[in-house]
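Next come the structures, one after another.
Look at the two complexes coming up: chain A is in both, with chain B in one and chain C in the other.
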Partner chain A sequence: MSLLRPTGDGLSVKRSLALAAPLAVLLAVIPQLVDAYMTQLLTYGLIFGIAALGFNLLLGYTGLLSFGHSAYFGLGAYTAAFMVKYLGVGSMELYILGGIAVTAVVTAAFGYVCVGYTRIFFGILTLALSQVLWTLAYKFFWVTGGTDGIRVAYGKMTLLAGLVDFTGPGSYQRFIGAYYYYTLVLFALCVVLMWVIVHSPFGKALQAIRDNETRARFLGIGVRKYRLIAFLISGLFAGLAGTLWVPLNGLVTPDIVYWPFSGEIVFMTVLGGFRTFSGPIIGAIVFNFLKTYAVASTAYWQAALGIVLVILVMALPAGIVGGLKQVAGAWRARGRGDGAP
Partner chain B sequence: MRDQKDKSPVSRRDFLSTVGVAAGAGIAAASGTAAYFAGPRPASAAPKVKGNIKDTPYKTGHITFLTGPANLLGEPGRKGHLLAAEEINAEGGLLGKRKIETIVADESAGTDANVKELRRMKLSEKIDLFTGVISSGNTPALGPVAEELGVLTLFNDGCTDFLFDKAVPNPKYVFRVTNIQSADGITSAIGAARAWPHAKKVASIQPDYSYGRNVHEHFMLAYKAMVPGAESVAEAWPKLFSTDFTPHITKLLSAGPDLLICGLWGGDYVAFYKQALRYGLFDKMKVATTLAFGGQPHAIGKDHPEGVLAGVHANYFFLHPGNKRWPINDSFVQRYYKRWNEYPSFESDGAYTALYLLKSAIERANHLVGGWPDDEAIISQLEGLGIDSPAGYVYIRPDNHQGYKDSAIGMTKNVPDYQFPVWDPKSVITISIRDITAPPNWPKPGQGHEESTAAANWLKTTWINNKA
Partner chain C sequence: MDILAVQFLNSIFYASILFLIAAGLSLIYGVMRIVNLAHGAFYALGAYVTAWTIGHAVASVHFSILFLLLPVGAVAVAAVGALIEPLLLRPLYGRPEEYLLLVTFGLLLILEDAMHFLFGGMPLTAGAIMDSLGSFPVLGLRYPVYNVLVIAIGAVAAALLWAFVYRTRFGVMLRATSQDRRMASALGLDVRRVYVQAFALGCFIAGLGGAIVVPSQAAVLGMGIDALILAFVVVVIGGLGSLEGALIGALLVSFVRTAGIQFFPEIELAVLYLIAAAVLLVRPTGMFGKA
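Here is the complex of A and B:
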């Protein structure tokens, strides 16, 4: 039975809600407590959280390390940008619908190619395919703007089908205030959806595939089909994150499709702990703060990030959330008096 | 000072000549004309400050390349900025009260991280001025963000035409000090056409991003207009910040061109020329560049061939104007060398001049409105402002907030006085900026034409069709 349980994540619905409710309240009131800049950073964090959550469905729950998630994030982002540049669309909801449609098609095609392989072969294939998209974005500059990218100005965009717009003085602060909540709602929906997925029979089947592919096949699980569906869901989460990210960033360039960003998504997930449900979210938020402040405070920011990763792998192999759980578990065990040898 | 082997950067003769400069400035001050130029001035030359000024620091955010191959350009920019800030602070600060404080961040973190950092600087650090930025890939991203945030911005480079042609077509807060990018390719084309008027087969090696494409396009347009029958025979597009140019070099060699136009810059150019030497590339073709002398002067070694057309991004080289013809430059080079123990580059001049432009604008605005002028007043004075800088006369055009100055280019030569090649003084040409750039209010892309830049459209309509 333990094989089918996500490691360290055997929470009941009741207990999960009890944990999530105060966090949701906290996230809802934070913008009232901090300035626009911090709110903006947290919005970035939530968006990367959605992407990492999707990524972890493959890594943590299906046992497949994708090194090409920048592609799906980039697809969502570029779709919105193309809608601005070529169709003059100015509605966030339409960007999201368009982003999901395009990401779904491409992810399904890429996934079809990739899921026949596992381990390093899977990783290299996802990487190679994402590099194809990067080359298109980079080289077809008369379509994509090349390294100059495509601008997606929040000032020309509306939320909630035109109900909220951002023009006039102080518009940036108003945009951040509104966009944070917009992102938060979608983020919450994504978290609930992913929670349901990984705790459903489908999610359990994925974990079975992760733990023992041969045994899963003998149980009658269509391994390839399940992996493809997981791949698709995972890519869609990344695509949605990409679409949400564009107006916040104001611009999309080929950097976001390039492989280092795929690496950053892996970094976020490992940082938080890929063996837990909430790990990738925490990792994404922490990573975003970490990188921003490393860049702001030292010319050796790459070294700083590298050192963090090394320390992490050595000291906290289970990531931030995994490490905290271990500490909490040990503390609880000591409280029961059965911790001592 | 000219002799690098001489440990003391200031010789007796130079010292005397500096005294001469200071005395000259003093005399000019008495007649009330020396208030505005890029450099320190005697207290007597400072205009009288109107109203009360609070002595809170004037916070400046500076993003530039602190690491990587582009650091060859980023570092001189940072040093030019700091030198100007130190000089202005030694006079008591802006309007004698507000000392300039600078926070610096690394541009090589990437465009998206730069956008976040600019927001952090404005919203969290509450900067008064944003400056710096080297890459043409970054100003089109940062310019619109600066406008959204309403932060006064003086880019010292990132000079793509795209910024004011398309990304920020009606700038309010954003200005740029160094020359517009299309001038790069055209300046090199004029230098090459004069030096080698019979070179018809042209090859091109450019970094594979907007800057390289801009150089390639404007060089070819101008060169073809001047050298009838010129044609492109090979193009190589290495990725920006590459280290291995071997496949590109062999491709260029196999095309057998008469002339190579090279837009590689920073560490890329250094790696390229060293690898090209091994293949004898410089013996097999003439080479024109846009940025060979764009980094710190000592970044290029004595192994660099002579007779290469060495561009400085159509801006400034520390020996020009030389021979004490332009004392503002002589004394700038001297002070820069004393402070940093190296010679300035065009980025040093750009960042240095940016702060003095700001200072002039603030003093003029104070004279008009009294007290500390708000950004609106400072901007009104920056638009159309001209000052004398180390590179010569710089003018900020009001229609597009872009700085313009006459461009210069020269041939490389090794001389005993320096540990690195410099411009052969006999080869240096100065080109009137009016002759190589689209005039004010020339239609931008999308306004009746679909060329990549206003300058390309201007070249096509005025150079090629009306060859006189």
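Here is the complex of A and C:
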């Protein structure tokens, strides 16, 4: 059961692939089986999955709880929206490049400031810095549209350097279908990239820092530098997710930079299980469905999510994936026990 | 000049409220090492309960009775806090602090909606109290008497809180627990009781902040989330766990905010966060905090 556990050995590559391949096939055929709305929800889930995956490089692998990841998500989102509004750019690839560039610069600056601290000070510092960006998005309404936000219409946008556009009849269905696969490919690339990162010597060093900073330092690991690189990668994943989110949502508002959204990213990650590689992805997809149905079925969806979070922390602190692993582990141990003479 | 005098009074008014919220946040962190994300919701709850009570009583009782009803919100919030600590927080003390933070985030979501459910989506006010006191002239402008009363309550609360923490037996127990929980426990202190009391006290003063602000500002949904962030800025500047820090931080934040609204409204909030970030960089434990 250690195939997705970050402490995998040489075998784990094959076993991870064996598990990931059927999942990839499943994700690829799902839009053929469900309606456009479902596909859209799943696209949101994959996008949040990218953000949570990046977030977990800090929380799960480096041991730093950021309460400001809304900032990097928002940077990616607002960069794309600005490119639409002020530069008239219509190419998704250019949004992504622009989003990554802007997110990289700001994340590097914020990270440089934050990585000197750990524990609650790190959390508060990331929170404070993210709220600086929120106030800018909120107050400079003549640039950002304030609480009205900036509209980004999918009809004016093209994928794959102009090869795919969405005009004419049925464009919405075509957009949802094409955008799902577009997101899925980027999502798969992100998963592979993150998998390689956490299994590389660099990823192992991060885990050493998480487990014992002093020892890691004595082993010659440049703790600050490693944390900064992890912070940068983490922010870039969130920024990419933000850029991808914009055309799907059609609108960017300051809410996406406000600190409760950072809380939601933490929520997703813990829901899936932050001690596992796949936990944040599962958590993001489940959270998105959970939130959508809660919002649709009750005016008190916040309370419903809050109750889920409290129960989760109380009863299932390892998250969905972590909990399943424990169950599978116990089941296997019992099976072995029965078979023993 | 006259505007300056009124703005000065406004700053002290905001500082009183902000101090009450931040002091509770700081107290809970200092004793229990919990960063309580639901603290703003406690402040909002105090405001709602008081506004609701006064709204229902205003037609039937004399207005002097209304003043006695002001602290109802604070008492209600303290009771809620005394229930929450043993039920939701105590089971998690052995776990990493991330879990406590998450539970308070869940609590924030639940409380926000509970208030929506109980008090509806419309703003609630207790304006009758404010109107009954009228206003007085300040250098040619008029200023509500009630706001001065809030300033007085804030000052008295600060003094009482200080005396409570530094001059009473319970205060000694609080400080002992905050400095070394295990040693305090080994010396025979009932740490569990101290935790409940500290949490309820922190909730009480946050609720009091809400209760006394509501005659001059309506209780609205979301007020807690906004207040929490400002209280965070206050405790980061003053130092998590320090009462003096909360006082100085509240004054600083209020004056910067008032000046900001007057002179640089676009970046008023951004300046506050940047000050907080700068303080954290120079002194991670804040101006008065200890590591």
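Annotations for the structure displayed:
Here is the rule we use: the second predicted complex is superposed on the first by the 326 of 341 C-alpha atoms of A that agree within 3 Å, B and C clash if a C-alpha of one lies under 4 Å from a C-alpha of the other, contacts with A are read in each partner's own complex, and residues count from 1 in each chain.
Following the convention adopted for this analysis, a residue touches a chain if its C-beta (ideal position, glycine included) is under 8 Å from a C-beta of that chain, and two chains touch if they have at least 3 such contacts.
Just so you know, these numbers come straight off a predicted model, no measurement behind them.
Because the two structures share chain A, they can be overlaid on it, and in that overlay chain B clashes with chain C. When the two structures are aligned on the shared chain, A:291 is found in touch with chain B, with no touch to chain C. In the superposition on chain A, A:143 makes contact with neither chain B nor chain C.
Contact with both chain B and chain C is seen for A:302 once the two complexes are overlaid on the shared chain.
Judged by the touch definition given at the top, the superposed model places A:25 against neither chain B nor chain C.
By the touch criterion defined above, A:330 reaches neither chain B nor chain C.
By the touch criterion defined above, A:189 reaches neither chain B nor chain C. Once the two complexes are overlaid on the shared chain, A:36 sits against chain B while remaining clear of chain C.
In the superposition on chain A, A:219 makes contact with neither chain B nor chain C. One of chain B and chain C touches more residues of chain A, and that partner is C. After superposition on chain A, the stretch of chain B that runs into chain C among 271-279, 289-297, 307-315 or 415-423 is 271-279. Across the superposed pair, chain B and chain C both touch chain A at residues 138, 299-302.
Partner chain A is touched in their complex by these residues of chain C: 35, 37, 88, 91-92, 95, 97-99, 101-103, 105-114, 116-117, 225, 229, 232-233, 236, 240, 265-270, 273-274, 276-277, 280-281, 284. Per the touch definition, chain A reaches chain C in the complex via residues 59, 65, 67, 113, 116-117, 119-121, 123-125, 127-129, 131-132, 135-136, 138-140, 259-260, 263, 266-267, 270, 299-303, 305-310, 313-314, 317.
Put simply, chain B touches chain A in their complex at residues 66-67, 103, 105-106, 109-113, 115-117, 119-120, 123-124, 137, 140-141, 144-145, 148-149, 160, 162, 167, 208-210, 213, 240. Chain A makes touch with chain B in their complex at residues 35-38, 40-41, 44, 138, 141, 146-149, 151, 153-155, 171-172, 249-251, 253, 255-256, 291-292, 295-296, 299-302.
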